[in-house]
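All remarks here apply to the structure that follows.
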Amino acid sequence: MSGNKSSGVRYGMVIDIDKCTGCTACSVACQQENNVPFREDETNKVRSITWMEIYQLDNGMPYPEYRQAYLPRLCLHCGASPYPPCTFVCPVNATHRDEDTGLVNHIPVRCIGCRYCISACSYHARYFNWWDPKWPKPMEEMLTPNVSPRMRGVVEKCTMCVHRLQLAKDRAFMEGRSELEEGEYVPACVESCPAKAMTFGNLLDPDSEVARLAKSSLAFRLLEKLGTEPKVYYLSSQDWIHKLADKVM
Amino acid sequence: MKGKDLMKLDRRAFVKLIAGGVGGTLLSPLPWKMADDTAIWSQNWFWRPSPERGGATTASTVCQLCPGGCGVRVRLIEEKNAVNIDGNPTHPVNQGGICPLGAAGLQYLYGPSRIETPLQQTGKRGDLETMKAIGWDEALEILSIKLRRMRQKARGLVCVSGKREGTVPELFARFLHAYGSPNYMVMPAAVDAESLGLFVSQGNSGAIGYDLENAKMVVSFGSDYIEGWGSPNRMMMAFADWRSNSKRDRTKIIQVATRGSLSASKADEWVAVAPGTEAALALGLAQVIVSEGRYDRTFVNNHTYGFDEFKRLLRQNYTPEKVAEITGVVKEKIVGLAREFAGTKPAVALSGWGQGRMQGSMYDFLAVQSLNALVGSLHKPGGVTRRPKLPLAPWPKVVLDATSLTSENEPRLDGSRGSQFPLPGQLFYNFVKNVNEGNLYPAEMLWVYEANPAHDLADVQPFLAALNKIGTVVSFSSFMDETTQLADLVLPGPTYLERLEDIPTPPGLQYPVFGLSHPILSPRFETRHPGDVLIALAHSLDGSVGASFPWSDYETALKERVKGLADAGRGQVADEPGLQPWKGGQGRQLAPNYDSFDDLWEKLIEHGCWFDTSEAMPSWASAFKTPSGKFEFYSQKMRQVGIRGNDITYLPHFEQVEPAGDPRDYPLLLMPYETMAITNGPVANPPFMTKTLFDFQLKGNDSFVEVNPNTAANMGLKEGDRIALQTERGTLKVRVHLTEAARPDVVFIPTGLGHSGFDSYIKGKGVNANMILVAQQDQVTGLVTWWVTRVKISKV
Amino acid sequence: MDSALIPEGVKRCSFKAFSLWLLVIFGVIGWGVLGGFMVLWKGLNMTGLNDSFGFGLYITADLAIIALGAGAFFTGFLTYVVGKKELKDIINLAVVVGFICYTGAQLVLLLEIGQPIRGWFSFWHPNVHSMLTEVIFCITCYTIVLTVEYIPLILENRQLDKVPEFHYFSHNLHEIMVVFAATGTFLSFFHQGSLGGLYGVMFARPFAFRTGFFIWPWTFFLFVASAIASGPALTILVCKMVQGVSRKQLVRREAILLLAKVTGYLLTFYLIFKFLDTWWWATQTLPKMGVSFTEVFQGPYGMWLLIAELGVCGVIPATILLIPKAREDDVLLIVACVLDCAGIVINRFVFTIQNLALPVLPFEQVQIYVPTWTEWAPTVGVLAYGALLLSLSYRYLPMFPRERELNPID
Amino acid sequence: MTGENKQQNSGLLGWLLFVVGFTGALFVGWVIFPQLLFSTQYQPINYNHVIHQEEAGMSCEDCHYFRDDGTYAGKPKLAACAECHEEPQGETESEAMLVSEYVEPKKEIPWVSYSRQPDNVFFSHAAHVKMAEMECTDCHGDVGQQTEAPPVKINRLTGYPNKIMKMYVCEDCHAREHVSNSCNVCHK
């Protein structure tokens, strides 16, 4: 809880592309967990809010050497020092990296909707509310109180389910603890993954599974050359995926 | 002059008044508070819904959106608003994982197309304007009177259930039995071919179970093993397991399929075969294994029947050269694959095309099973076995009166067990055919439960035609789906989150699981549990029907069966995370963790499921109930039931199904494909899932077909072009997505889209492939395949 | 009818003709207002913007308008600080054009943000690290400065000038104009720079990112240079336009030619550094980011943009303006100024649109941006607003101090 | 009158008008505006904290408790009231109303909150009460000493009660106590 920079916690994620079956459960679980709005037509993908977006990659080979893979892309909570690409451009301090956790947050009620952060992010991880979020009447009952629904004209993005961290801390406080144990705080996408392809935890804790996997020789990050230092790692044993991911543009 | 001065004075004074006013206003809170408050207003404006707050609780139950049988947890606010569904970590089938459909479950509970009261069609069928809301008493009365009136034509009552197992389908079957109709049917699926195959080769009725978690090599013949085949979450978990194993003993996956799906891409090897020839490849492997003597001699010599005939057939028709010709797979690959399959222990071959919704051919199933038999993988760890039965207590025997007794000998409207198709199959397509052709006797009334055949049935048009010849259609659906739109009477059931129901062992599992779903919140509408409706209906009828339902309500009936579990003295309620019943093999005794029926029931409600590992896989000596007591390559059962033909008829073989349509008119082939991102009913894709579709799958209201870039180039088609897809059945307008996943000259169309029912978030999105697919019937079993149809493409 | 308001000793068109002209302008402004209203009422879904193009026509227009509005501060700087007295001929016009540009840009900016009601958060909760904060503060301050510079001109209106307080006030303002010119120069330098910084700091966007000096990426300085190299060109153009429409010479040729000469030097100065920057970016910055120079030209946003920006609209106008004979030719001068302005518009366009159109993730496609009428209307509306202000100022204010002298009424 | 005089007079009058405008605006801004901005809402039942503590011997935690998951339950539900007030215990009008209008028809009491934060705020009572060991009264005042429920002023524009804690109060205290002021500590 202290404000100094050596909190020893940097939450991060590892996604095993080889294990990912492309089922999209993470994306659905995320939408439900975070009151992500939807419209009747969501096929204009550059105006569709999907915190956890899934890309289809392929090896570019002809049939039958063709192979595809799915790559789930959330906000990568860039660890670039001193700032991720998106936060320092915000004119109103609506987005900010919590240096106690490494999580990049975005507070829609502060956001004025200038979309500078959207432009600065190379991962398309940030989304603008082009319309007033609206739910069919009965579905308003399934909105979760843990995440505040947004309004038109603001940016939103993956928070790594930071509300789960808040609630996990509440539970810990009841037991008089201020430190969390591994697994007490896990985002909805990781929890949902039926193939257990996603691992979440503290990258600075050498004993954590996520730290171990992030150091694997199979690990890579997206657009590594840009120096954004994402805290979401991917694993794959496929050369073509490594080659593809190593590219910029 | 003076007036002008005054005017000037006035003007200046006015300016000063205003200046004072501005000054005063700026020194008052008004502008600053207004600026702040309007900003706050914009953060909470009234048209932005603010979620209900309160204490959160979690209820565990079992998902019923597909037969997968996964445990789910529902988060409730103030025990009133369900706000989240995730996987139940204590449920052994999914271990906390959840598929997209399950995760979107609340969009069904709160779906705008929920049916709130019973409905009666007062006008023309299909006209939603004339669907009148009626009370339950009236609805039951209407149905009860109809049933009483048609009792003499009792056999004309047909029920089709989308759910195959569990007490509710059993109650439907029981009702028909007691009422006097042999026509309880289920929606077609690959399980139909499986159970016939098990019946003719092993003499068992029942279902198949794969010990996949312990296999070292898996060869999937067309099964999209991570895209919805079997119990989807269990398969994805197994897949992750195969991938986690260290490099040395990692499970090898081979996908034999025509399309470069995710299952193909994620396999260690993808063997691309010509459309519909997976079984031929299986027989090709068998030939190599047999001719090279790589088969399991202990099993083949001691526990099989008809091996020599099989061997002869293989040598004649399925040499690598011949199979290479049929499948398009090179000879060396066939030989290599066969050697690897025979050399890896344990290895298992999977069958059931795509997600397993197509019945498929029994012979294809037998071809794949013969491979499992040859390498000794039947009823062995890491192989294929039969799915253990649940020790549920039986209900009392159905009471039969004169009417229902005569119906015992009535032919079924689907012709199953009849002279043409003597095997005990589920032949819904044949039912459709018979109704359309006016064969046997008329179908007076159709009940539809947990099924949406008007959309989901491949080659749906004959069914829609048949509906016109059926007197009354009754739907038990919770949603305004396509079939319900065509119903005359709707008796809406509660959704799975609002009802008590059992979910028996999911398909393909090697150990028994009994899941129990229960209402996690009070029903949102005036719906009634179909079980309760059936019991009430039975009680309203005279004679034996009421007597066959000696329960006050569904709960009592269900509990009566569950008592069997409590009495079995084995198995446990799954109440801790990380249970892995497949580890350590089957046959490990599990002492119950409950001490009475009431305790068991309470724990089932709390945790969701019971499972067991006590039952060992049957020994080879005891496993087969065939006339020979062995696994029969050459089926004597088929002979017994009266199937006539030559030797080949009784042996696993490959029959090339000629796709419907003249190749001169329809030069390309059309194959449907399924994905996890589009559900294939009976419910339609929820908005959450539709959102995850790529814009090359759905764009606006247009859906896409996959075409190989070379094929497209030959026809002058570019990415995104609009085309008409024409088969013998009709034409659909779609757009083109170019991908190397598509085999040249084959067009792949996704199923599950193109709804016309439900709500504005669902209907009108894409086209329903089922409208133009042509189902083809096997003349021995009556089962159908619809994987390939000839098609013509024209640009529009 | 309005003769009482028209400055003494000058000739203006009839009130009827002027009214008709205003009617046309109001028509266009009305269209712009309607477009703006639709965006405010229904939201930004009315635009062609999307999650790929967070910035579009509004921002491009804003940047271009502000760059071209730099004529005001730079002419002010030359006139008052450097002491080029001949430019007094044109300084009023420069101020009006600047005022138009800055207020117009702010109007568009109001539409551009998703939550205009909370727009003031950028003053109340500023993030000092954000280039946008710097832009917002400097633009606002500079608009105030421009207003202060514009006020004395307004107060010189024949009727207003009769009020003694106003007369003294405007006179005193004139006296201290050098202070405002200096302040304006300082503010302008920073916000023109931060507009460039806006893009240069996007280190995850290979097209925009530039290395730099201390906290400022090179685009910071290039934007300043390009603004002062194009602002005066716009001032010349507007002056020529007003002269053309009024069929009068309003400014002494020396003033215009001086401005043209200065523009020529500035443009050359800018281009030298722009070429250096492009070379460094293409050979050092991009390769370090794993991108080759040719890869940044995709789809409709091809190499032609670069050639147009730096060649056709860069080297050519610079050459014209540098050669005394050429710039003394009226047609060539106008061509050069048009090209100069166009080049800077293209520059702002590529940094906004081409930058965002390029996929950075290797498995994404280039995107194409098509603005909707609700974007065009307010943008064009702002131009009409400029025409309105210019027309009113020309008609009722002594915008050109030399007008009477150059056009004596018989 | 001389011209000068006239000008003086008009100047005086002008300043008078200035003062009128000035004070008028101040009055509107400071007095009328708040009246318009806030609505006064009364509690459905005039709850007496003192009686419950002194006569019924209840403690605060009987009604205002932490849930097991560490979240704070806030105001009690009707069920808690009904535990004692199935039948009226005393003679007060409020209690009679409670029984007849809420307990009997099983209708939740629509209490108006004095300090309800908007849904974008995550306020952890556990962090403040359990970890920081703050007293409830530090923020809520000594509500326990209230013999009647005061009316609540609700901002018509924002929907917030007027005594709601503003963000700068949170930030100041967090800064003083060296607790993180990161946005996602308190926002969701």
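The first chain written gets the first letter, and so on, giving A, B, C and D; residue counts start at 1 in each chain.
Keep in mind that, in the parts below, contacts are C-beta pairs under 8 Å (C-beta built on N, C-alpha and C of every residue); 3 or more make two chains touch, one makes a residue touch a chain.
Note that the structure is a prediction, hence the values are computed from the model and not measured.
When each chain is reduced to the mean of its CA atoms, the one lying nearest the mean of all protein CA atoms is A. Centroid distances from subunit D, each centroid being the mean of CA atoms, peak for B. Across the two interfaces under comparison, A-D and A-C, the one joined by more C-beta contacts turns out to be A-C. Per-chain CA centroids place subunit A at a distance of 37 Å from subunit D. Centre-to-centre, using mean CA coordinates, subunit A is 40 Å away from subunit C.
Look at where the CA atoms of subunit A average out and do the same for subunit B: the two points lie 31 Å apart.
With centres defined as mean CA coordinates, subunit C is found 63 Å away from subunit B. Residues of subunit D in contact with two or more other chains: 69, 71, 118-120. Listed for subunit B are residues 38, 41-43, 50-51, 53, each touching two or more other chains.
Contacts with at least two other chains are made by residues 115, 118, 121 of subunit C.
If you draw each protein chain as a dot and join the dots that touch, the picture is not a line, a loop, a star, or fully joined; it has some other shape. In summary, the structure contains touching chain pairs A-B, A-C, A-D, B-C, B-D. Residues of subunit D touching subunit B in their complex: 6, 10, 13-15, 17-26, 28-30, 33-34, 37, 67, 69, 71, 73, 118-120, 155, 157-160.
Here subunit A touches subunit D in the complex through residues 1-3, 93-94, 96, 98-101, 103, 105, 107-110, 145-149, 159, 162-163, 165-167, 169-174, 176, 178, going by the rule given at the top. Note for the complex: subunit A touches subunit B at residues 16, 18-19, 21-25, 27-29, 31-33, 35, 38, 40-45, 48, 50, 54, 56, 58, 61-64, 66-70, 109, 132-145, 148-151, 188, 191-197.
Interface of subunit B with subunit D (complex): residues 5, 9, 12-14, 16-25, 27-30, 33-34, 37-38, 40-41, 43-44, 50-51, 53, 55-56. Interface residues of subunit C facing subunit B in the complex, by the touch rule stated above, are 115, 117-118, 120-121.
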